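All chains are identified by letter, namely A, B, C and D, in their written order; residue positions are counted from 1 within each chain.
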Amino acid sequence: MGTSVTTPTPLKEGSTFEPKITAFVCNWCTYAGADLTGTSRIRYQPNVRVIRFPCTGRIDFMLILKAFAHGSDGVIVSGCHPNDCHYTTGNYLARRRWIVFRDVLEFTGIDLRRLTFAWVSAAEGAKWAELVDEVTDRVRALGPYREYQALASAGIE
Amino acid sequence: MSPEYQIGEGSLEALFAAITADGRRIWGPRAAAGCIEIGEIRSAGELARDQVHPISSAKAAAFPRVEKILSYRMDGKDVAIDDPPLPARPTVLFGLRPCEARGFCALGTILNWGTPDRFFNARMERTTVVSIACTRSDEACFCTAVGGGPDHPAGSDLLLHPLAQGGYDVVVLSDKGRALVALAPDRFEPARGAARIALAKIEAEFQAQEITEQLPRLFDHPIWSEQSLRCLGCGACAYVCPTCACFDIQDEADARRGVRLRCWDSCAFRLFTLHASGHNPRETQGQRWRQRVQHKFSYMPERLGVLGCVGCGKCSRACPVDMDFKEHLTEIAKFS
Amino acid sequence: MDELQEKAKQLLEAGTVQVVIGHAAGRGGRRPVFVRSPAQAGKLVHDDGCWQNLATYLGKPEVRKLGRAAVVASPPVLRAMVQLGAERQLGNDEVMALAVVTGGPVRTLATLAAIEGHLASLPDEPPAADRTELGRLAAMTVPERRAFWAEQLDRCVRCYACRASCPMCYCERCTMECNRPQWVPVASHALGNLEYHIVRAMHLAGRCVQCGTCGKSCPLGIPVHLLTLFAERSVQQHFGQGGKASGKPVFAMSTFRPEDSETFIR
Amino acid sequence: MSRIGVFVCHCGENIAGTVDCAVVAEAARSLRGVVHSVDYKYMCSDPGQKLLKEAIRDKNLDGVVVAACSPRMHEPTFRAAAEEAGLNAYQCEMANLREHCSWVHAKGEATTAKAIDLVRIQVEKVKRNAPLRPIRVPVARTALVLGGGIAGIQAALDIANAGNQVILVERSPSIGGHMSQLSETFPTLDCSQCILTPRMVEVARHPQITLYTYAELERLDGFIGNFKATIRKRARKVDEKICNGCGVCTQKCPVKKIPDEFNEGLSMRRAIYVPFPQAVPNRPVIDTANCTFFKSGKCRACEKLCTAKAIRFDQQDEVVTREVGAVVLATGFRTMGTNQFPEYGYGRYPDLIDGLKFERLASASGPTSGAIKRPSDGKIPETVVFIACAGSRDEQKGVSYCSKICCMYTAKHAMLYRHKVHGGKAYVFYMDVRAAGKNYDEFVRRAVEEDGVKYLRGRVSRVYPDKGQLVVKGVDTLLGGEPLEIRADMVVLATAVQAQHGSEELAQKLHVAYDKYRFFAEAHPKLRPVETNTAGIFLAGACQSPRDIPESVAQASGAAAKVCGLFSRPELAREPIVAVVDRQPPPVFSHCVGCFLCRSACPYQAIEEEAIRTRNGEIIRTVAHVNAGLCQGCGTCVATCRTKAIDLQGFTNEQVFAEVVAI
């Protein structure tokens, strides 16, 4: 058997499973919104790692799969609400991509409970905190996404 | 070669059980969605025997389509490499056609050309090949044109001849074969010369020698682009071929660790010879097709003293656009 | 000599085209053939055994070298030509189709507009058998589908016959061949295979011409065409476009409507 | 092998309070490619920045990660510092340990672990950063203003007075627009032409303004700072330079019965005419559709009578092209016709008129010299009913928005009527009175309280003629929906303000967005109200949405300020965060297959075609090329490209991929 190229999910004392959540966010709305969460000192769980993009339109659907393959147990994709896109239409194109992508994932049998899409504006600091907590709790309940991570080693002699 | 034993239809199941009990896995033709492929089989009932050939190749037993050759970890700023243990799973390939079994000779020769291929050899040592002589053939077959035949012994450890009454005559061809018999000695009765089903008749429409002689002068001939016009440039032919041995080395890694894999590759792909500069010494499909034929019928005989083709016709059967190898070779052989 | 052969012969005699791409009898079934002289026109056949999407050959340099080509074109081939035209891979002056519908007359279509007109009257949907199969899969639970595809894709050897036979997979450098970064593992392990087929489906969403050739081309009989057909259907259902039934090409995945609706975004 | 420096900021207690910064710095030190890693109390302070600069020099770093606050806060600070130390600004990235970590998590291992991850992610990214240089685009310091109404006039004057060249293009024969048709203006009741005409003259005289009237924009190519405008000057059939504007031709032309557009058809004009006495330029134009000579080849009366010999029957349209750096759209509005109202008789009743007709009746320079007379018989109306919201806020009429100016001008009309016809009765049917604006509500109250205008809250269901009068059937919802009937001598509809004719075509010509009512769309509804989503194209006045004069003027000055800002430097420097299509040496040339799907995805029309040619000029293939002047760096094209031939500088595939994999 080959080694899966994934990193171990961080374990807290008591070694209860702590999920690793990757968030793909746009710079102008959700990243700023998450900044606001900080300036408003709203607490949320530390499991999320944010990756900043100029726009949700920039987010290649493959990156979401890469996140899973490389050890993320859950993924958040978030950007500006429709009509608020800094680039006017990037989020509309992203939305189309996501609509079909989710369909395709579900058709191939991938567990969509691990993939969450949201619109979080620069003003929605509280919403960001709620989103992260909700996703973290849900994914913690689902357990590690070994199923996908293990694919990298399945079929290697 | 006279058979030492015969085995009854009814005893196959017990033989399979004995093999499994010995901790070996059994691979053979089995029905899979939409076709007959080579795969793991747990009981004689699963063994498919009516087809001329399974679509996929048995070479995967010793030359897997993806094989880990090492893995490494980032240890702070240093790299720690772990060599994987040599592959150890003993395998019995059951029910191959003699031509495909014969393919292992060519495959072994090329993989051991220069440096011995310890991965392949380790697997081969643990692999026992049981082939069944052909009583049927189809228009893709041309084993007799390349020095083989429906009951050719090369590459097999045991060769089975179907009997009219059911069951098989068993020809032992190697110690590995003998060892297999020893797993269930009471299931192998001494051969009694029972009537065999007649072997398939495969007319040789050309002789490999003719092609080997033709090729040097045909190198720049338009025949290659002619024949390959409909070729789509996929790798189906190479991936089902018992003797195609080309592979690619791939590292799969992140910032912390990685694995190095050996994966099947094919000379039919444009990417196969594409240089980093963007230059491609085999730019056209015609050149790539020529390489395939030249390699099997000229370079291998010349450098390794062995033909790169066993005439199984698997490539023709797998090709989505019916690139018929026999037809094309015949054309080349008869070309003047 | 039937109508198809007759029309092909005329095109070649008149010098309108230098080659007619069609199907001919092969070992057992049908095979693509490149008829370059009126005398050979008799080779051409068209029946249900002719399933290769011949539009795939239009972009191949080896074929382009032969001169202007006429294609024996079933509706999916025509849809491919329209989409190829829209994606700038096929010039209007390079278009010559001998449109065949089983049982119907052979029509010579010499422009993309003519093809669009011809297609407008034809439905753009996968063959009935595939629709049934799509339905069967849709009825499964997610874990069932996961099991189904795990078993199927485990058999994929990444020979890329599906990609090579697809008229819309004309990219000189496929995503599979991008290695900085290496988006999709080259290795045919479970991850590489799954990601390859997901990318294929996504890249054909809104562009798939629903010929099913990719599935028929798979030497191992893996129904990979169901993935692209599904993606195409998803596009049609959500956005009402992607359907080339209108004969008009669309860029479903690089355009949008503000009213596109979904229910999953918070 | 990279030489990365990591600088972990405590931000006083802000970060250090919950994150163990020393541990983070230590962990960073063990990452491949990291050759220097320290933590410090305040990285943004002078000593902090000094620390960064010295390390860059002494350790010869090729990339730095500052693990501190949000990049939205201090990225510019640290990038500037890096630049000063001789490192390219774009080789500096920030890990957000404050807003995204220390401020939102409890003190503890998990938080420090997250901080380490955030640093590792940025280290992996910065390893793959490339030095970038700001993009410089030359700017043609000439502005094109489309529309010669008050908004266009204001914008043109402001831009020109700042020392720039302006080309003002007006479709009709004279500038002035709707404002020149108005009688008095609310809330001050000063005469519209009295305040407008000086501006019109100023435009005509301005050395920096080139005025093209009776002209239209044919096409616009190029991008911000570098547009090429193609303008069609329609043939007036009169040589403007020779003509002295004596006006004899316009009096002697035998064709007399052409409804006068300027007077809204309340009077007639000739086939050769000047739209109105104060027209700028004051030069006639021949209406070839009605001119006898152009219809029958006979007449030539004007030619005979013209002392200056300025008539040019053979004059052809002239097409000119000009290089411009910016465009201001000020194409204005139109009002809904009374023929859109079946319930009010499809505009078939001569005494049922719209607001603009009333303006002309009330205007001293109008057909009645300011006397309010019924169009039908010239009789002074004793009762006038004004109907507000005629079409506005009415889904059935396809106008769900408020036309904004009607409340005010209806009050003005009623007031003017009461001033001119002392015994007259004025009724106003309204839905709400919207008088938000300086002295606006006071103005409406004056109409009611001082001038005795009767305001009735309710819609008018029907208007029909009866014995030389118009019967107005409506309800007064304030009297409990009491149906009431008023016999009026004249009815005035405050018809809805709508997008100018042809605004859709124009928007498409200029690649600017427009809403479902075909008003032009601003780049951002709040923060970029005078810009469009196409860089270098700005908005002024009612072409964006219904506006009154002060708003239009204010916005025009706003747009002018934007243009002047753009023109203030000879070159336009932009962030190099733009998409690029890859180029390869032959025989590959580019991995782009030229499918141009990216073009339909680009919000900015930044994707162009580039033909790759052989030495002797034959096209090998046509591939995409990103115009760095237009690209705003959203990266949507990148995610659309199947062959990964487009990449986004600063957020390249390799960078973001490495970030994801580093998690």
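The criterion applied here is as follows: contacts are C-beta pairs under 8 Å (C-beta built on N, C-alpha and C of every residue); 3 or more make two chains touch, one makes a residue touch a chain.
Quantities reported herein were computed from a predicted structural model and do not represent experimental measurements.
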Which of A-D and B-D has more C-beta pairs touching across its chains: A-D
Cα-centroid distance, subunit A relative to subunit C, in whole angstrom: 34
Length of the line joining the C-alpha centres of subunit B and subunit D, rounded to whole Å: 70
Computed distance of Cα centres, subunit B from subunit A, in Å: 45
Contacts with two or more other chains, residues of subunit A listed in rising order: 2, 7, 61, 66, 70, 89, 93, 97, 152, 155-156
Junction residues of subunit C - those touching two or more other chains: 175, 183, 185, 187-189, 253-255
Shared-contact residues (touching 2 or more other chains) in subunit B: 66, 252, 254, 261
Arrangement of touching chains [line / ring / star / complete / other]: complete
Parts of subunit C lying in touch with subunit A, wherever the complex brings them together: 137-138, 142-150, 154, 175, 183-185, 187-191, 193-195, 197-199, 201-202, 205-206, 227, 230-231, 234-235, 238-239, 252-258, 260, 262, 264-266
Residue ranges of subunit B touching subunit A (in the complex, touch as defined): 64, 66-68, 71, 87, 252-254, 256-259, 261
Complex contacts: residues of subunit D adjacent to subunit C: 588, 591, 593-598, 600-601, 622, 640, 642-645, 653-654, 657-658
Partner subunit C, residues of subunit B touching it in the complex: 32-35, 37, 55-56, 65-66, 139-140, 225, 228-230, 232-236, 238-240, 248, 250, 252, 261, 263-264, 266, 269, 271, 284-286, 316-322, 324, 327
Touching residues (chain side subunit C, partner subunit B) in the complex: 26-34, 52, 56-57, 60-63, 151-152, 155, 157-161, 163-165, 177, 182, 185-189, 192, 216-223
